[in-house]
Amino acid sequence: MPNASLRTAVLGVSGYTGAELVRLLLEHPRLSTPPLLLGRPEQADSLTLALTSMHPQLSGLPHADELRIIPFDWNLLQREQIDILFLATPHEHAREIAPLALQHGIKVIDLSAAWRLQHDTNRAIYKLTDADPTLAKSLQAEAVYGSPELHGRQIKSARLVANPGCYATSIILALAPLLRSSLIDLSWGIVADAKSGVSGAGKAPTASNQFMYAADNLSAYAVFGHRHTGEILEQLHLETSQLQFTPHLLPIPRGILSTIYVRLNSMGSIKQIQAAFDDFYEDSPLVRVRRSHMLPQIQHVVRTNFCDIGFQLSPDGKKLVIVSCLDNLLKGASSQAVQNMNLMAGFSESEGLL
Amino acid sequence: MPNASLRTAVLGVSGYTGAELVRLLLEHPRLSTPPLLLGRPEQADSLTLALTSMHPQLSGLPHADELRIIPFDWNLLQREQIDILFLATPHEHAREIAPLALQHGIKVIDLSAAWRLQHDTNRAIYKLTDADPTLAKSLQAEAVYGSPELHGRQIKSARLVANPGCYATSIILALAPLLRSSLIDLSWGIVADAKSGVSGAGKAPTASNQFMYAADNLSAYAVFGHRHTGEILEQLHLETSQLQFTPHLLPIPRGILSTIYVRLNSMGSIKQIQAAFDDFYEDSPLVRVRRSHMLPQIQHVVRTNFCDIGFQLSPDGKKLVIVSCLDNLLKGASSQAVQNMNLMAGFSESEGLL
Amino acid sequence: MPNASLRTAVLGVSGYTGAELVRLLLEHPRLSTPPLLLGRPEQADSLTLALTSMHPQLSGLPHADELRIIPFDWNLLQREQIDILFLATPHEHAREIAPLALQHGIKVIDLSAAWRLQHDTNRAIYKLTDADPTLAKSLQAEAVYGSPELHGRQIKSARLVANPGCYATSIILALAPLLRSSLIDLSWGIVADAKSGVSGAGKAPTASNQFMYAADNLSAYAVFGHRHTGEILEQLHLETSQLQFTPHLLPIPRGILSTIYVRLNSMGSIKQIQAAFDDFYEDSPLVRVRRSHMLPQIQHVVRTNFCDIGFQLSPDGKKLVIVSCLDNLLKGASSQAVQNMNLMAGFSESEGLL
Amino acid sequence: MPNASLRTAVLGVSGYTGAELVRLLLEHPRLSTPPLLLGRPEQADSLTLALTSMHPQLSGLPHADELRIIPFDWNLLQREQIDILFLATPHEHAREIAPLALQHGIKVIDLSAAWRLQHDTNRAIYKLTDADPTLAKSLQAEAVYGSPELHGRQIKSARLVANPGCYATSIILALAPLLRSSLIDLSWGIVADAKSGVSGAGKAPTASNQFMYAADNLSAYAVFGHRHTGEILEQLHLETSQLQFTPHLLPIPRGILSTIYVRLNSMGSIKQIQAAFDDFYEDSPLVRVRRSHMLPQIQHVVRTNFCDIGFQLSPDGKKLVIVSCLDNLLKGASSQAVQNMNLMAGFSESEGLL
């Protein structure tokens, strides 16, 4: 890929992840041209709108005040020689558009859930339909789950990257090193009690993303049925019965903290657990493994591109609590997407992210 | 009014003020029967709903778990011998229903803005229409602005009480004593910089009552054009040019703080200002006049039925800053409505409110 | 006890629980005299202070503006014929004062942790010392853990009631019915992931109760070592290894939500679980058992005296998530203390609390 | 100044502004070496501490994990050939250290208030003492108030820059263009109603920066007596009687919004006001002048280096409301300091800040 002149486009910039993605691309030191900002033709009200009238906080950034959202159009994408198309659009549209992009020779980083799940049963929750099921099946098999810490090598040569879910990222990164080292007693199972800020609920006004619902409150939701469960199971090679995942809505704008409970296969030591994490993330600039005495907390990761991971071991060496934090809009979405772009373009993994 | 057996009904219980009003009526020591809860027939989805499935926080209060929202019906109101109908419904409906209630011999306490304004020009902003303009005009003249501290005597014998707006209450109560005492230099004017929690924006999801809009934020809005301006002008007998009122949206659920700037006609003393407030509110149990060294703050009034007023005088005795606080859902709405009911029923003014 | 003229005193009114306790006692319909407010002589700066200059939000409540904090003095307590002394003071002082109160014929409701724990090993964390160890031992055995839902009968005749901890209350009430019914598989254990608002951290300024620490944040703390663990173990007759309790600091002023994970001994049904809770709390006016489809959330309990309990059962009927909520300053502290007072005085359990 | 190898040091990195300043310097594209981090020898507990154990959020940034806070020492500063010393230390220390730095040939950017005020009467509020009053007087005269938009040229050649206060910046930048254009009727005066997030109150725990004090609250403070008043008066050449400035404490971590009320000398137009702002800030990359229909709000500036300014004109063209927003830790402190450094070093004014 001619990375000296990598050209990007973003479909869907009205939401929170879209805005963060555009900001990261505008500030990216290796991109000499700003991203093309695209809207779906049916969203007439946001088209030809100036970026900064939609997101006033971006005003003043390089190029930001000149950019407008323009109607999506394949001819345009080709004329502009777009290399990578980011999809920050609902999953049903991403399912539809990704195959067409690949046909036009444009690589895709999809921030929706459309291409994350290999098993039809897990994907069923999204009610996706395919115009060409055979093609879709083949692309699904080709799609790489965009977790650079797990699949960095495949991402480098991928055409279609399925950017992970925010909850899923925080839980997968917390567990992968321990599962890889076979430290966890899976017969006891895994309990992941996760808490997310309100931006995770999206921008369209609903009953539960209202200030009066979320402020001064905490509530559990989607107990035994959150959509990210499938991603976690697939990526960590778990059985349904082995994972219990409960999300909660926190009264804060952004940030996820997951408190994860496991039992060890045999009596463990702090040193051993620490080593498992340190080794796994040795070459991962965007994961900060904390020393055992210092647990991650949300304010250390908000507005950063990091996932922080820490843990505490019970005095008897059998029970382990892992705490994992990230900004759901960044490492849980947009900065992970840029990290994937960096890998695909042959840039340094953390280019523009530190 | 046969106050031993006062019977009340509430039209519109789905919103925040409706819920607080119902709570106050359920806990009221002089009401032996719970209020009749009414919905407009066109709001089919909330009808016959249990009160506590709509407002789970009310569960466990006396009668609360038995109550259901039933369709509004004049026959029912008469059969149940309702004495006072509270309207916590949009202003256009309150404008329509109040005359009919009076015709059925039922007194009205209207929490909307429908009947607050005597001048057509001030009322124009609400775009109200009247089926019978002549009757409406006569009822408008009869309607009493429900500020017990200003119009207590008239409220006692009123048939139609227009419960004040939340911003308006905080500003009117802060200024009335000083204007009554002719202490303020009106040639300089009045600057009222007011800040309100998000519940003031209502329960229907909009762009600006979303968590992600309001949290960690502050914004001014409706500069030079807020709808409560007319109430303040009328009640304080001010010219438009004498009042500058700027509301702001605070990132908190409830509470209003108004910071009001005036100049004194002649050099004033703390003692004199304090006396003006103390005298005016001597018999007002729900206004707490603070000593000069202690300014009101929102957390002292939230979830109380009080309006707190304090002030600071400039060292040269010429400039006065008045700070006034209240809970917009209580003294700014529902508890003021109950205070009005108390007066109309011959109860003690603060019955059920202390 | 001559409950027609029950007289109360409160030692320690400067904190958040003290303020709420005083408010509840001032508003209590069966107490004809306000509580005596006491400070420890060494806290010279708060003595003879007006209650409402310390807690301006209480101003305007019955008697509140007349009350002052006076130095603690046994003669005074006897002269005023105090029946019940509430201790809202650090645990080391409560350990010291309670025996003396009983010697003076005054019953004690202790809101600190001083008398909650029967086992020395559990109590060790509080580093308590006793002037008269023999007497202390005997009083400890006599002390009743003040959970009215568990020990109502003993509380009625108790002289020394140890009011439960806030986290402990939320977890004990969530589990007691299921453990009583032997539904829980204790070999798997219990995971209690609890989250509390900042008022639980007390009023003395520390690094972690600062706004800049807690706001927009979430952090786990005291993993494997929170002081309330002992209470939960003792009250639920659990082994240390059976309970894993992790508290978190929520960015809200008040409220606790505990998410509790258990496995059932055999495949369970919603009906069965619901019945276990309903039966256990049939006569408990301050516990609201929610129907399975509606999980408790913090905003439904804040500023109420209720503990709300709800649950979700996994589709396979084996895993149960219980969610329990309360206001840590009320049902988690002061209103539970008043509930205990009601039982001790022969009042209705929920008098002044609904 | 040999800007290719500009070397910086920061005295005082434990606070919020210190942390932001270090972050900006670490990310600055023109600084090839990280800043030297210094603590005062008497602050033994923070010395030799790793930067990231004090500020875990900085971990992972370039050089951040290697940096330690080392004891302040002139020899060290000279050995390291420091060009610019940032003082993020209390004003009394900054008053003492700045003269010594200049004697050692090191330029100073002082983030405290020590050198901001030319008039002794205005400076009196800070109770500063000088070892060498004659020298201090001369340095005070030499010191440049570090507002790049007002004094850019002088800053370029300054040895001692007094970085402005946060409130002062927001009010000065909002008014300077209009006063320069003589549009404001100063006989009516200026009312500046300002609101700040809690980080403005500093990091040392106090009663009013506690979560329980600030959350869900709003309070006015220092009415008629805030310390930033002098800066505003001096920079805008106002008489004391012409400015009324009331700060409020907002329940948010960061951000200031100032609502400023003025009257125009003659009937004005939106176009005229807009032009006054646009012209004044034409070459100021860190001030975003908003179009009249879009008022600034705090969430558009938080975590950015911008000051946003907008306005609304009354229908009669006589009253003007100006709204100005900035992040108090950035444009109100640390990024303004870096902006000053850029000017002093001959870099582009916004280098590292966009």
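As written, the chain order gives the labels A, B, C and D, with residue 1 at the start of each chain.
The rule is simple: a contact is a pair of C-beta atoms (placed from the backbone, for glycine too) under 8 Å apart; a residue touches a chain by one contact, two chains touch by 3 or more.
Since we're looking at a predicted model, the values are computed, not measured.
Asker: Need the most distant chain from chain C, centre defined as the mean of C-alpha atoms.
Answerer: Computed centres place D farthest from chain C.
Asker: Hey, which pair has more contacts between C-betas, B-C or C-D?
Answerer: Counting C-beta pairs in contact for B-C and C-D gives the edge to C-D.
Asker: Just how far, in Å, is the C-alpha centre of chain D from the one of chain C?
Answerer: The answer is 46 Å.
Asker: Could you please state the distance in Å, as a whole number, between where the Cα atoms of chain B are centred and where those of chain C are centred?
Answerer: Centre-to-centre distance between chain B and chain C: 36 Å.
Asker: By residue number and range, which residues of chain C touch two or more other chains?
Answerer: In chain C, residues 213, 216, 251-253, 299 touch at least two other chains, as defined above.
Asker: Under the stated contact criterion, what part of chain C meets chain D in this complex?
Answerer: Interface residues on the chain C side: 16, 198-199, 203, 205-207, 209-216, 251-253.
Asker: Per the contact definition, I'd like the list of chain D residues that touch chain A in the complex.
Answerer: Residues in contact with chain A: 53, 56-57, 59-62, 216, 285-286, 288, 290, 294, 299-301, 303-304, 306, 308, 354.
Asker: So in the complex, the part of chain D that touches chain B is made up of which residues?
Answerer: 188, 191, 193, 195, 213, 216-221, 223-224, 241, 244, 246, 248, 250-253, 255, 257, 259, 261, 295, 297-299, 302, 312, 314-316, 319, 321, 323
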